[in-house]
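A, B, C, D and E are the chain letters, set down in written order, and residue numbers restart from 1 in every chain.
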Amino acid sequence: MTDQKQAAGKTRRQLYEDRLRRRSMIIAASSTLAVFLAVIILVPMAPGWEKVKASFFNWEVFAKTFPKLLAAFKLDVLIFLWSAPAIVILGLLIALARDVRNPALFPLRILGAAYTDIFRGVPVVLTVYLIGFGVPGLGLPRPWNSPYIWGSLALILTYAAYVAEIFRSGIESVHASQRSAAQSLGLSDADSMRFVILPQAIRRVVPAQMNMFIALQKDVALLSFIGPVEIFRQAGVFKSLLANFTPYVGAAVIFLAVTIPATRYADYLMAKQNRERS
Amino acid sequence: AGHCADGKTLTEGTLTIATGNPAYYPWVMDDAPESGNGFEAAVAYAVAEEMGFAADAVTWVRSSFDEAIQPGPKNFDFNLQQFSITEEREKVVDFSVPYYAAPMAVLASGNVKDTPAETEALKGLLWGAMGGTTAVPMLMDAIGPNKDPLLYGDNADVTAAMQANQIDAALFDLPTALYLSAVVVEGSAVIGQFPADRSENPDQFGMLLEEGNALKACVDEAIMSLKGSGKLDAIEAEWLQQTTGVPLIK
Amino acid sequence: MPKLSLKNVVKRFGDKTVCNGISLDVEEGQMVCLIGASGGGKSTLLRCINLLENIEDGEIFLDEEDISIPGLDPQPVRRRIGMVFQSFNLFPHMTAAENVMLAPRRVYKRSRDDLRPEVTDLFARFGLAEHMNHYPDQLSGGQQQRVAIVRALAMKPEVMLFDEITSALDPQLVGEVLDVLRLLKESGMTMVLATHEMGFAREAADKVCFLKDGKIIEEGPAKALFDTPQQPETQAFLARALK
Amino acid sequence: MTDQKQAAGKTRRQLYEDRLRRRSMIIAASSTLAVFLAVIILVPMAPGWEKVKASFFNWEVFAKTFPKLLAAFKLDVLIFLWSAPAIVILGLLIALARDVRNPALFPLRILGAAYTDIFRGVPVVLTVYLIGFGVPGLGLPRPWNSPYIWGSLALILTYAAYVAEIFRSGIESVHASQRSAAQSLGLSDADSMRFVILPQAIRRVVPAQMNMFIALQKDVALLSFIGPVEIFRQAGVFKSLLANFTPYVGAAVIFLAVTIPATRYADYLMAKQNRERS
Amino acid sequence: MPKLSLKNVVKRFGDKTVCNGISLDVEEGQMVCLIGASGGGKSTLLRCINLLENIEDGEIFLDEEDISIPGLDPQPVRRRIGMVFQSFNLFPHMTAAENVMLAPRRVYKRSRDDLRPEVTDLFARFGLAEHMNHYPDQLSGGQQQRVAIVRALAMKPEVMLFDEITSALDPQLVGEVLDVLRLLKESGMTMVLATHEMGFAREAADKVCFLKDGKIIEEGPAKALFDTPQQPETQAFLARALK
């Protein structure tokens, strides 16, 4: 063993790991290639492939519709950007309401529970219709009856319920001894929550919240029920006019271009934080 | 007629016809095409008869627009739910010769029903339309509103938006517009129509068939024959309102 | 006038009575040690004094003021009482220095810059100078425990409660920490310790209480209790513990 | 104090807690009543209320459409019942693939990550269209081209990605020392995962998974894009036909009747487990 | 022929070398104690022996068989080596009895019924008879640690590794646990302990190693090392620890 080490200038573990790395690279490359080839070769042999290709992967349609889809995507981004912070804030408030320990504030807990139950249970479409058409229908004057405002509110109310539930699970997962420690130092309940419990809770639920925000990004599409022409509606209009599903592929490309870097970056941040602290 | 359709239908001896889910007034009355009431239901039975199918040899199925245009086999012989014939759609599916030419009309809410039927005046309104229809390109080309129009999934959503005062006007085919104005949106009015020849692609409804369906020739033949005999006009007169009272848009 | 006084304290968890009528006086500057087998209720009693648990019955007085009145705001009381836990309970998302500065910053509204000299000083005194910017996970058990002590001391409490703070330390550090407790005592700090360090209790404590099943079975000056225990339970416990 | 105790037969804490309980009951009752009254009295005063009521809360429409909605809901339940187990299994497998520590199996990790990224990133609608229309369009014969099969598969593939991500966060939240302890006993990696890590991980993510399954229950509606008439499509048909949104309220009632008891029961089970173990 | 033999073991975490060329022989039936200050690398060394960490360089032999060959399946080795941790690492979702029975059930495919008599017996020996069906959170620290010992013993290992297993116990229980270690030794068990119990090490260990900064600074028979330490570091450490 020891001579071998001398000979290569490496320990046997390093040699072993080099070998392992090489082998896994080969496995990775070959298995990926195999799957890839199988798809590339087998699928086009199916009798209907030409038609499916023309319906879903039509380059001409893609090129024609993509710029307009990209333009419509701006609206999605805008709605997301103003809804997301509101969702986080409202969700956090509801989660905090459900964690209240003062018996005199018990009604708050009940309200919080009722809120999450109802807004998670009611289909988003209904919330969007009810708030997006119903509230303006009560007789609001022009700038205040905009579907953008009320549609976003519907999204915010719904997603806040999901997000609150995730925050709550994070808060409950922080061990009670952390609260004791904070309280024993004389910190107020609010400070204990803000500086001790929440920072730990939030870190734990980042992946679950990422999940929700990726879902939200796509549910912005529900606003299109009440008028706003965002990327999905635009893709749907093209689909109908051109009788072709390719515009949805274009939309998917745009979404992937946003969500993949975002999740990778979030993962990277999480991993970095974990590394730094241990 | 005769045996043109023999061996070409989905199920031997019956004709499977698809319509929308739901099917709208005045095209189909009460969402019940089997009754033969309503313009499209009546046309369907007339065509079936021309092709040699008795009324009880007709089976109705429902289909969404998406199912109609998906690649692959269909579960209907032909499908009629106000499909406008367009060049792009022709690439994917087949259409029969048109059975109706629908002018587009403007439905305006009570607040703006005095707007003159002129393109310039109409530009300034807040517009809505049904997303998947040819009304959208028509609206953009013929009127070109100042503000981007809002687009909806179906008639009900458009009218709800109009009732919530979120849009001023919407574009529909004339029979639908007349129906909505009379029955659904209180206080609204149909303030103008585009003559059928006004746009480059006049809106013509055709029956949709699977690409390359051998039945197309039979269907075309049946419709031509109905046109020739004046039966089609009679059906139109029976089920669609008089459309002459609506002013033309200048 | 005792600094801290417990009168007939009763604490239950569900059906289980963990403190069953405990009375205890701690004079200003005194060091009182609680000893007894695992599960005797030592930790729970300390938590009750710090108002982390609501007591079912009885009273607790700090400077003759009843701090166990139901509905009383516990925060001003907790600031006057420091506590170090059996398991360290450092905040894992903050560095050692941030752990220590958090409470003074929030409670006394002092700035980080203002606090830094004295905190640095405290860290140095406890042999932690180089660990100020480490996270708890980067510290050994012994280091974590010392940070926890520093954190409690930074609030300048009048009474300190220690819950078996040496049980996770290596012998070298136990010595150092016990030295610090001696220093604290000399500086006049009033202290209540739950401890298994019999040697230390005997040498340094003013008073030792033997707890069993939620009751103080015997209490008295350290020497007397260790050398001539009166109760059979105490005798049995000490026989095992000191062998 | 002591006399008072004697007098009432209660300790002062009990008295205090009785008082607190009474007070909080009063607050709860009066605040709920206030909100309730405000809604009941103020909303109907809005000029458009009558119209909104007719559009959204139309008893006649409700009574007429409800039975059919209930019948359509059966399909939702069926699809949910066969999709949910598949989602859990697939999601778990993907989460496990992402946790593989053997460097030779590194490709599996990459594949797992790619899977979650893509299926979370691509809009569900597209997956439903692509698999629900595209795959049958390749030329499958009759019983095998059913939209129920392929639509469900699309749902399963998409939700498995979300569920996998949640499982993964649960697995990572179990402290490394638990794995060490299991391994030191000579348990295989598979057994360590199955008996030690997973049971803890799964318990921690129950609330987040509940969230996902409530969302899934509503996304079954997406299958209606490719044909199946489930409750949402049925409500949509009624809405189009009657130009009235009440059918959605009916659908919401049905959903709430299912989701609220389900979440309450899950909460109750969690709380019971927590109580039993400490 | 040593039962367990380490040759020049090197372990790094990133840039930090935690074991820096450690060589050590443990004869069959011997009890070897590792002592040294916090952070010296005692826990890490035990983890390396149990193959919980991959060593960077050097070899580890069990019965003259090299168990540190890269790529070797670690499970059969781990079954032969039991380990009890500094922090207890009980499985919180299982009762004490389930904790103990899991590994024999899965590894040796034995049924619960088959195991019950001997597990009950083990629990009784460690004074845990009434806690078999409690969850870890329902047990005191001392009880948890004893369950962890029982859990490792239930696998009938040939070598046992103990990592400061008494540091969380109250003095009464420390005595009991040390008694058990003595019993184990008499039964011929080969043992490696990381410990702070200097008294016990001196009395019971066959060999004591003083670790500092990842190196064995000094090793030898217990009496000799404690009474006449040769190295200045050892002298300094023992001076503090024994005072």
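The rule is short, and it goes like this: a contact is a pair of C-beta atoms (placed from the backbone, for glycine too) under 8 Å apart; a residue touches a chain by one contact, two chains touch by 3 or more.
On a predicted model such as this, the values are computed, not experimentally measured, just so you know.
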Exercise. Which neighbours do chain C and chain E have in common?
Worked result: A, D
For this session: Treat each pair of touching chains as one step and give the shortest count from chain B to chain C.
Result: 2
Exercise. Can you spot which of D-E, C-D or A-C is a repeat of the A-E interface, where more than half the contact pairs line up?
Worked result: C-D
Exercise. With chain centres set to the mean of the C-alpha atoms, which chain is at the far end from chain E?
Worked result: B
Exercise. For the chain pairs A-C and A-B, which is connected through the larger number of C-beta pairs in contact?
Worked result: A-B
For this session: Provide the C-alpha centroid distance between chain C and chain D, rounded to the nearest whole angstrom.
Result: 46
Problem set entry | chain B-chain D separation of Cα centroids, rounded to whole Å | 40
Exercise. Among the residues of chain C, which ones contact at least 2 other chains?
Worked result: none
Problem set entry | Residues of chain D touching at least two other chains | 17, 20, 51, 55, 129, 133-134, 137-139, 245
Problem set entry | Multi-partner residues of chain B (at least 2 other chains) | 66, 70-72, 160, 163
Problem set entry | Topology of the chain contact graph, where touching chains are joined (line, ring, star, complete, other) | other
Exercise. Okay, what are all the chain pairs that touch?
Worked result: A-B, A-C, A-D, A-E, B-D, C-D, C-E, D-E
Exercise. Which positions of chain D touch chain B when the two form their complex?
Worked result: 51, 55, 129, 133-134, 136-139, 145, 225-227, 229, 233, 236-245
Problem set entry | Residues on chain C engaged by chain A in the complex (per definition of touch) | 47, 50, 52, 74-76, 78-79, 81-83, 85, 87, 89-93, 102-103, 106-107, 135, 137-138, 151-152, 155
Seminar exercise, completed: In the complex, chain D touches chain E at residues 177-178, 180-188, 191, 195-196, 199-200, 203, 276-278
Exercise. Which positions of chain B touch chain A when the two form their complex?
Worked result: 65-66, 69-72, 86, 88-89, 91-93, 128, 131-134, 136-137, 148-153, 157, 160-161, 163-167, 211
For this session: Sort out for me which residues of chain D touch chain C in the complex.
Result: 1, 5, 11-17, 20
